[in-house]
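Two complexes, one shared chain (chain A), two partners (chain B, chain C).
Coming up: the complex of A and B.
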């Protein structure tokens, strides 16, 4: 009765009302961002007195925004590659290995996930200051890798656990070495796991703010760090433009993921 | 989640066998020990070493009224955020589960879209929305509900609104599995036995969803405890939370000892709550999702 939409009676009205309010709540900020990015008033008037593309032109012509965008992209790619590589190593150990303390190791590999990012941020900052890694690209990569790795390990380990180990054995019976079998037979078989590991790693690095604040230097800023700096100073329409572009990117990414999932089900 | 719960699954006779396959884990283990474990331990060590050996930082954290206020604020705000998120998240997840599938999918898409949107983009939107002359206050004044703008921006209300917005998707996702696993025939049986909708809600629906609600609520509570960006951008000085205190100690006061002590407190609470979840809640939550 409670699970059949047509038989909810009065409850249906209440449920629809709450869901409607929740959708407005979820969508309003996103719509506002897009409206503000075309708002002709510099003071973020809403509703806008007129429409303009001026802020888009300013942002796209500003080398600072472009630089931090490129930093974020480069960082994301390097972190993703490293995270998938280490994720595969950890995945083979966890899914195929048989050694004492394996489950403890699995737990340990996932702990960065539950670590409050402020704690990790200042801990790495303190250490990197001593090692002269603070404010360097390498420091950024290492810090983001700590955060991205657990997601990669989870995705790849579960993909490996769902793959039949006899595939590996069969390839080895046919004369392949262990790692040859793993690279040429198992990697193609777990490509969906690798794909989600890559997506999650990239997004983790792309969206990271708190740890990134402590890794950044005035000359090396990721997009979120630069956005935070701008937001702290003034609520300029530039941030609305960057945010709108990010919302657009999210929608494209969701579409891409949906396509990929559909493809993999076939 | 798997911290403690799955250790027993390796039977003892297997452990005694020759171990193999550990080698690939070595680089990963080395990396995490160097870039994760050691830095965190070093930070915690500083809390009892600086400015000199002892527990003075912990004493300061608990005894100084400003810091004690921050601790209290952190728990109060996290609790309010968790409660409101649950109150909105349950009906929303319920609606998504029972609505005609196209509507349900659309709504779930919106939830995911808001979750995947850049955190700063979302927080910036709320900074604009909550201003004294922002859209929300303008609308409320225009309708005549209020005469003077509500102090939303830079207040605890603003922090709570912004954080509920961030956390809501997590509650909807936590409840998706448990809701899908509910058996409709149970509710038919209840109604055949004469139960009203309210009775089946309180006696069947809620008890069956309780593990999911508890798991989602705990995750949201723990995440809120350590949240930094949203409270620091939407709240005022009097609404400071623990993560902001830690950042402030490091960035402006260079007081690493106190930052380490506050980190230790945050870490212990976080790990304890996750351990509780792994022990009592995870088996249900995982099986169903």
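Coming up: the complex of A and C.
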């Protein structure tokens, strides 16, 4: 092989150095942020003059942060459920259906992925104002669903396409109705796809900020929206704390995913 | 009228301009082992899927026990099927897979448990009952699929090239197992294959498909000894086909040799079929030159060229071959004139 690692000789050191620099470049800001969250200085001084857990106590006691957090979680869960459900319906249509315009529909479903989110945000805001949905939880769900659905459809459709249709046929000959076959046999067979769809949908909603700014109202703010507002008004250690907690949450979520994948490989 | 168990009546299926099944009619008796044999694209699988209910025919009817199945959806047809690809439900164990059709039918728990045990016993897989399909070999998976398809005592069992993904040795083992299960259960089986050896070995009757139609129906011996067409003669076993001319009922070879094999009411150009094992090397007969010789242990296969320039294949038993011949030798090929079979088409 041209690029066989063991054949590279001295280039190996250069390669490792480049990789090391890349890792540092990607992780250093995060490490800095986490360090700042324990910084005893109120002005995000670096290197920190001392260490404290004071900011964590403050953030956890602040009902505003808690409210935004809960809003984000609720929104994420509702969006995930709706996205997976609709993704399944669309996935069956795209993977199993045979109708004119199927390929066009497949492309159309993906457009929110390439549409600039600022455009989407403005368009949704203008529409929802008319429908009296702006600033409501339902409006928020619908807006994030637009963004999350493509990921869900892609994950579920590809899982379905990798699952042999004979599996469905076999279940039907065993006496199951079409929907019974799909629920009892196909859903368990594509559970990986469903799980990825759920994770992607949740994360899409969870860290989305552009469209969320248009949907938010003073009483209904997601965590990223509050964080952005906070950064712009007063740069406080609170931000570092919330960010660090988010990093922690993400790591836990990734661990959960790895665990699920490992478990289902057996 | 005395009952065909399964009857296909003028069945027809088109996909656009392509006629996949061209007005097929067929009657199958209860307990028969029927093979649908034919090259790919000949309509055998399409016909099987029409019986299963996954393909809706454009015309014609499928009758099981005198009842039309065409409007019945696959889950109400009470048909068992083993597919070409592995179709065990990946999240269920072997026992749960076999129990699935019974659970769907909401049978009592004790009955399900007893039936699963009986089926595992039938396919000799009792020790594997708690394994997942991914932990089984291909052959084991197809045996579980067979057990699952038989668990609800279906009226008919369909098998769509179930062994095509397995290697030769395993295939022969499972063929023997399928034969045994057919004997033990007495279930009516329709088995699709493109492998003529498999068809000859397993079936009571073979249905030979060609271009969406049925070329010939009969026992393996019927098809081998009395093919109705050059297609059958070529598809089942090897054959030498010689153009002959019939004059006053006697066939004449291209070099003018008259065969003493009277064919009443037949005149003109016909085709003669001679199986390679019906030919032997002799002192007299058709003069030929040996162009190839392959020693195969129990038989010796020769290729010979006749005076009129046609290559013939000859297979002689090793111990019968008192005449040794090698490439380049000029010898004669003899045959029993009564074995010479004129293809009727």
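Here, the second predicted complex is superposed on the first by the 260 of 266 C-alpha atoms of A that agree within 3 Å, B and C clash if a C-alpha of one lies under 4 Å from a C-alpha of the other, contacts with A are read in each partner's own complex, and residues count from 1 in each chain.
Note that a residue touches a chain if its C-beta (ideal position, glycine included) is under 8 Å from a C-beta of that chain, and two chains touch if they have at least 3 such contacts.
In this text the structure is predicted, and so the values were computed from the model without any measurement.
**Q** Evaluate whether chain B and chain C can sit on chain A together after superposition, giving fit or clash.
**A** These partners fit in the superposed model.
**Q** In the superposed arrangement, which partner chain does A:164 touch: chain B (first), chain C (second), both, or neither?
**A** second
**Q** Identify the partner contact of A:37: answer first if only chain B is touched, second if only chain C is, both if each is, neither if none is.
**A** A:37 sits against neither chain B nor chain C.
**Q** Would you check which partner chain A:205 touches, where first means chain B only, second means chain C only, and both and neither mean what they say?
**A** After superposing on A, A:205 lies clear of both chain B and chain C.
**Q** Which partner does A:172 contact after superposing on A: first (chain B), second (chain C), both, neither?
**A** second
**Q** Applying the document's definition of touch, where does A:80 land relative to chain B and chain C: first, second, both, or neither?
**A** In the superposition, A:80 contacts neither chain B nor chain C.
**Q** Determine, for the superposed model, which of the two partners chain B and chain C contacts more residues of chain A.
**A** B
**Q** Could you say whether A:120 touches chain B, chain C, both of them, or neither, answering first, second, both or neither?
**A** A:120 contacts chain B only, not chain C.
**Q** Looking at A:188, would you say it contacts chain B, chain C, both, or neither? Reply first, second, both or neither.
**A** The answer is second: A:188 touches chain C but not chain B.
**Q** Check the superposed model and tell me the shortest C-alpha distance between chain B and chain C, rounded to whole Å.
**A** 6
**Q** From the superposed pair, tell me which chain A residues show up as contacts to chain B and also as contacts to chain C.
**A** none
**Q** Which of the residues in chain C come into contact with chain A in the complex?
**A** 52, 54, 73-81, 83-85, 87, 89-91, 100-101, 104-105, 132, 145, 148-149, 152
**Q** What part of chain A is in contact with chain C in the complex they form?
**A** My answer: residues 164, 166-167, 169-178, 180-181, 184-185, 188-189, 191, 266.
**Q** In the complex formed with chain B, which residues of chain A make contact?
**A** Touch list, chain A to chain B: 1-5, 8-9, 11, 14-16, 18-19, 22-23, 25-30, 32-33, 36, 44, 46, 86, 89-90, 92-94, 96-100, 102-112, 114-127, 142-143, 145-146, 149, 153, 203, 207, 209-210, 213-214, 224, 227-228, 231-232, 235, 239-240, 242-243, 246-247, 250-251, 253-254.
**Q** Would you tell me which residues of chain B are touching chain A in their complex?
**A** 1-4, 6-7, 9-10, 14-15, 17, 19-25, 27-29, 31-32, 35-36, 38-40, 42-43, 46, 88, 91-92, 94-100, 107, 109-114, 116-129, 134-135, 138, 165, 168, 182, 184, 187-188, 190-191, 197, 200-201, 204-205, 222, 225-226, 228-229, 233, 243, 246-247, 250, 256, 259, 263, 266-267, 270-271, 274
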